[in-house]
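Okay, got some structures for you below.
Each of the two complexes below includes chain A, the first together with chain B, the second together with chain C.
So, the complex of A and B:
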């Protein structure tokens, strides 16, 4: 037995020694499959880690913030909260805009360092600062912590409300990324400087659902619990979902490439295996031998693939980081992290992929190719049917994703035999007598489709993804753009981050002759059942009514809006709570419960569980007049907004928590965020496409090796090497074209799945699939042009093979 | 029509390898074959018969000497020029793998004239096939034919573009006696009918068809046997 293994090993070694190109092609195939998976995963994990660190740095571990009315939060209420709900981590803060010694505005943040540590992981950094004067800090000396990297004199003077305060820099606190102009002071000291003794601006909280519920029941009066950074959290979820889905897809493409490479390697030696069988070697012995080879190749390929993946990971990370820094934060020193899960995935794709491919290929030696095709066809058909079933039948997100993958896998695997069958009659119409080179190149296509099934499947998947995800993004963008156009009916918006827009400020703006109308808006956390939702209370102008798109219900709702206790729910909330028109819901807020009849379902593309919209007038009647957290300003026709902007600038100087923006700015920024979010997806799509094209190149190269005898015959018939290369390029070009056309229905199916199944299940809203030519043309272009490039690379082999 | 011999080899020498590992295969080989003439070249395995055909067809450029096909010097042209001569003036039949697997029988027959830029008369091709009883195979692919059928189609394919020279390298080695006889007869008859010179290389002296000349390769030289 040992002797047989030794002889087989010798035979294999000599085979590869005389076919070095083939060996390296196989190793490269495995390595590229592994590298793609590693690189995409590395970028995903590294950016995710960096993203999480950034969220921590921005809001610490705080999930919520308690804010009060115009006067802030009485400190006694905070003490009471601590006494009642001491188990919930909380930290009081005050903040204000001050003028620094450099004459520039600085934010003065008063914090309780000991308490802040419990909610903001970044807060504990002061403990690591050398020479931090802890005693003087807590004794109430006039000390501040300044950020590293922003030079200030050791004893600067701060100007607060026109009064000068000489202070001392106790130490510099470390920062990651570009330093912000924020000075930290002890909360008691800051309160003294600001003249706000006994009052807080906000309380940072780390709250789970239980704590959130307890806080909402305990908070009363004008205290509100608001979620911290929900926009980032929502984006983070979308970001994660995108990268995860594409990472899985790349793994699938990688597995196809590994299988493709290995099956070629084994099938080329079919005559040798047949001879061994004739000499008495059992099929089991052959399988063992093939598995040993697969293991050796797998180890070599996976090792190279991981190293290649680490290098490629740096490239993808820099691409992704660029996007992230434009959008979320500066990832700065985001490092490539080889997580254990990534290593496991790499081993799974490389080693397990080779072993499975080796096993399957070894089995195929003794099976008729027709039977294998039949089996693949049956498995692919089953996967396709199961996938469609999972997509059509309502269920959770996970089954939706499983449906997308099963459908894609099944469809892509059917590609080779189906296309071969379909393309053959068409291709046979090309007269060889009139076009010998085109004819010869074209005639190879059906056979190549059948022989390179995994590579065809990989390219089909990649092309369909470019088309499907592209269509989804275009549909999404158009929907969001339309929604923004419709939602942003006012000309300007003023919002208060930490409180309410004051009556005096509203009056100042309303007094401007340019302002023709105003809508008020109050947003707060409420509950429908156990679900925390946003309750949006709004007094709408006639124009404002048009800013909501009704998905369910008719325009009569607006006549009832102010007259009856009705509510409009967002699509996501309706889906989550299974709510329909005419149903009654109890919206719990503070210690009240508002009974509302659902009069309509509105479109909304915000992330989160959703919101209920109700009239200002009705809310006032049921629960007392709310204070506006934001207002919309409608200008008179032809009015110049400059006067409004001037007043707004004055208000912003007085209230640091105010945000003021024109509709155009909000719209542009929203679309910018949208585009930046999906730039990551586009990078990943390109990676999958490039990997698939490398796979196709490998498959075409292997085909040329397999065709060695045919190439010699063609040379004998008088074809020059250049003409033979032309035939290969024609074959590759047509192969790409056929795959591109075949991939389109899958691309459209993917787009439909993402817009009509995955988005509703992940975020609660449904998108209308909009036909956009660009993704389709791009996908076709990638397949055809990419295949032509692959043909160029493969044709370089022809001269050698033919000679 | 050319006055020159279909094939002319003068002082042809060929070797494999380099330096100390050089192995001479052919040495000072002279040969002229006229159009319509059929010759057989015999020799043991490894004697250099296939190399002789490769040099004669321009697949291998001769290390020494001159090679000409119907008066066109083959040894001085580039690989592309030699290919041009091959596609117009030479037909080949190998021991096996003679037909392009992705083309049907009819397309395999259409391919050489298309390459040579000659018009293709499908009716004539069908007549040819019919005379050999192969007309029902016109739309089949090579893998759907028997070995004998493949070789007979290959013979037609070698002659379809009216070459000056047909080179056959052990075309019957994989066939049974009956099929081998049919193929050799076909090759001989068709070459003669079309006025092409035939060079048949074989390791067997058991030839069933009379040839104008029989030569043998011995010690790297070409010797006349009959």
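So, the complex of A and C:
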């Protein structure tokens, strides 16, 4: 047995020495699969850590938040609370986005250091530091605490509302994860910089039931206790699930490749195994031998894969960070963190995947292969049915994602045998005599499909992903673009960030002959139950009515809008709070509660819990006339906007909190953000496609080896090596084509699942599936072109295989 | 008396701000705070004071620190309690201009509440810390009225005859009315209490030795009606201890013959109480007798080791003077504060003789600087 082992070792070394290309292809297959898993996982974990860090910096251990009316919380109310309920841990806060000395956005948190330990925010974990100018801090000097690990000059300048504030860094506060871009200042100092003396933005609270009861009894007026953070946690979960699904999909493609690689290696050495068998080696010994090789290859491939994944992780991380900062919060400088769990996953995909694949490949040499493919067929069918069921039956996001996963897996695995069955009659009609090479190549296709099941499945998945995700993005973009076109009915918008648009400024704009109409908006935070929502009070022009797309309800709503206490709710809010037409909701604002009947559900693609829209007239009747926080300006036909822009420029110079933009600018910026958001998704599509193509190349190489005898026969019939190579290329090309066509229904199903199932469950909005040609053509192109390249690589082996 | 005599420099104040509650790591040793450098801008007690009341019941921001300190023993409804409510003020820097805005201040305030529930075998503590701004914490000048958030010591008029204490934390607290039985006692030399040979190393110090106390103590969700006796100390200073002093032991005892005894021993590193240890014996009729370091000897009798901090404290003492022999014993061993500062302060029982006649009583004992 020892001599057999030595013989095997010798044969393995010789084999790989003479087939270096194959060895590297095998290692590359494993490495790419591992790298993709590592990269996505790294990005996910790093973003999660930085999300936690941001949360830690902003909220700490707070469970609730006390919020006030439009102007925040009068600080005298906070003092009353402390003098009455001093036992409840709470921390007053003002916060604002400022521009740091690095030109990047920073969060400025105004805190009372004495109260920070109560809510355990990361800045509050700051400890006494020698030389910390505590007297100057409390005396209101211009000092800040900066997070450790983010280098800043000792006396940086902050830009707040366009004004520059030179400050001094008093000390660094320690952070446990990646530092978030959060600066701490004393609350009084921050109020002074922000011009918000006398008011707090919120008071963070750590409250159990007892404290909650005590606070609810004491608050009153326009102060409310709301649960902290449920919204962002929900969004973060949804986002994380999306990334996890992508990571699993990549892992799956990776495992297919590993299997494929081993099928190839085992097949290639079939004669050696036969020889060993003749020399007395058992099939078990062969399996052990293959497993040893699998382990060695796995170690090598996984090692390279982890390194590659770390590099790739930087790229994916920057893309994910971009998405996160555009959609949810500013993650600061997220860092790549190699978590133990990621390493375990990588080992699982690389090593365990190699061992299982090696074992399966070794078994497939024997007569058991038929049984294996039967079993795969049964499992795949079950997965497909279960997946479709999960997609169709209403449920949470997780089951939706499981549905997508199971459907894709089942469909992709069924591909090989199913396509073989379908394509055979078609291919038989190709007249071999007229097109000898095409015919010859084509006739191989059905059998190839059956024999290269993992590669077919990987390519099917990748092509379907490119098509499905592409369609989803196109649909999403079109929906958002249409929505923007419709929502932005005015020509210009002027908004006040910290207050209201003054009457004088409105009059100045209105007096311009170019301005034909004006709509007023009052946007503020209100509550439906415990959920914070935006209440949009609107005074629309006739044109403005068309700016809402009713998803539920009919156009009679506009007639009722000004006359009755009705509200329109956004789709996401309707879903979140389970609201329907005709239902009554209590919208709590300041110390009032407005009873509204839901008269319609409108389309809205903003993130967050949603908004309630009600008429200016009705609001005035119920709660007194509101002040406009923003206005929309409608120009007369053919009027030039220059005069409006000139006046706006003077207003902006006077009020730093004003923002003014044309509809075109808002639209362009919104779509820019949208495109940024999907950059990672697009990159992931390409990674999956590349991984799948490496797999396909391996599979085609394996096929050539399997066909040695056939090749010898063809050679005897007079086919030159060049002609045989042509056959292989044609075969590969057709194989790619067939897979591409087969992958299309799955792609469309994926697109449907993402638009109709995943998006509504994750974000509360439904998208219309739009048939865009580009993703379909791209997916087809990738499959056919990729298969052709794979065919080129495989055909180069023909001479070698035949020799 | 001197109690937590905390002369705070910036670094020490920073510790106070940042290290709170049980999360504050090892906690601070009060004695370490006393041996740090002090900003020269603060006033120091050098002259015999001319106390003016009610003004001097209020804050003295020219000095670095001061406190209002009430301790007492209470019984009612078959249950006994000890309690301590203390309010400290710390000046971060001598008074001077601060930035515009209502939060800016140079004063930090700390309040500590402790209830020893003898029936329930528990020692409950809570703290409040706040800045001296916005009415979150502060003291009035026209009468005794001092608060840190919802912990309050407040007289109903300009005197100290009728005072209220209110401090309610989660699950425990006090709501007490105090009536003075004896007048104010000026400690040391007419209220100037020297702590060492260095001039200015002293405090201004007066006490109300006996306040009859009624009201309620809450433990859990139950309020217990109680009565008992309390001791009040008022002290302000900028002083630091001498380098060779390692801690102090302070006794405030109410005896059942109407006598009240206060004595503090300043322990020296060489062992034993130093020459600046002092006290006062207040007879039932209010007559005051000063006690110097040589008038009273104190010997530890029994020790208790804290299972949490590992520190060992003498929780039973024998006090001996010419006409006095008392045994002081903790009513409950585990009365160790583990918040911002680690020290032992708690209710004690007293037995012994005074002028040859047996006496009993109760009081409070504070011990710092033990390892």
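Rule of thumb we're sticking to: the second predicted complex is superposed on the first by the 495 of 803 C-alpha atoms of A that agree within 3 Å, B and C clash if a C-alpha of one lies under 4 Å from a C-alpha of the other, contacts with A are read in each partner's own complex, and residues count from 1 in each chain.
FYI, contacts are C-beta pairs under 8 Å (C-beta built on N, C-alpha and C of every residue); 3 or more make two chains touch, one makes a residue touch a chain.
Predicted model only: the values in this text are computed from it and were never measured.
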item: Chain B versus chain C as contact partner of A:340, first or second or both or neither; value: neither
item: Per-residue contact with chain A, leading partner among chain C and chain B; value: C
item: Which superposed partner A:710 touches (first chain B, second chain C, both, neither); value: first
item: First (chain B), second (chain C), both or neither touched by A:637; value: neither
item: Chain B versus chain C as contact partner of A:103, first or second or both or neither; value: neither
item: Partner chain(s) touched by A:722 [first = chain B, second = chain C, both, neither]; value: first
item: Which of chain B and chain C A:271 touches, first, second, both or neither; value: neither
item: Sites on chain A touched by chain B in the complex; value: 432-434, 436, 439-440, 443-444, 447, 709-710, 713-723
item: Chain A - residues contacting chain C, complex; value: 75-76, 79, 82-88, 112-114, 117, 120, 126-135, 138-141, 186-189, 191-192, 197-198, 210-211
item: Footprint of chain A on chain B - complex, ascending; value: 57, 59, 79-80, 83-88, 90, 92, 94, 97-103, 107, 110-116, 120, 122
item: Sites on chain C touched by chain A in the complex; value: 10-11, 13-15, 17-21, 23-24, 92-93, 96-106, 108, 126, 128-131, 133-136, 147, 149-151, 168-170
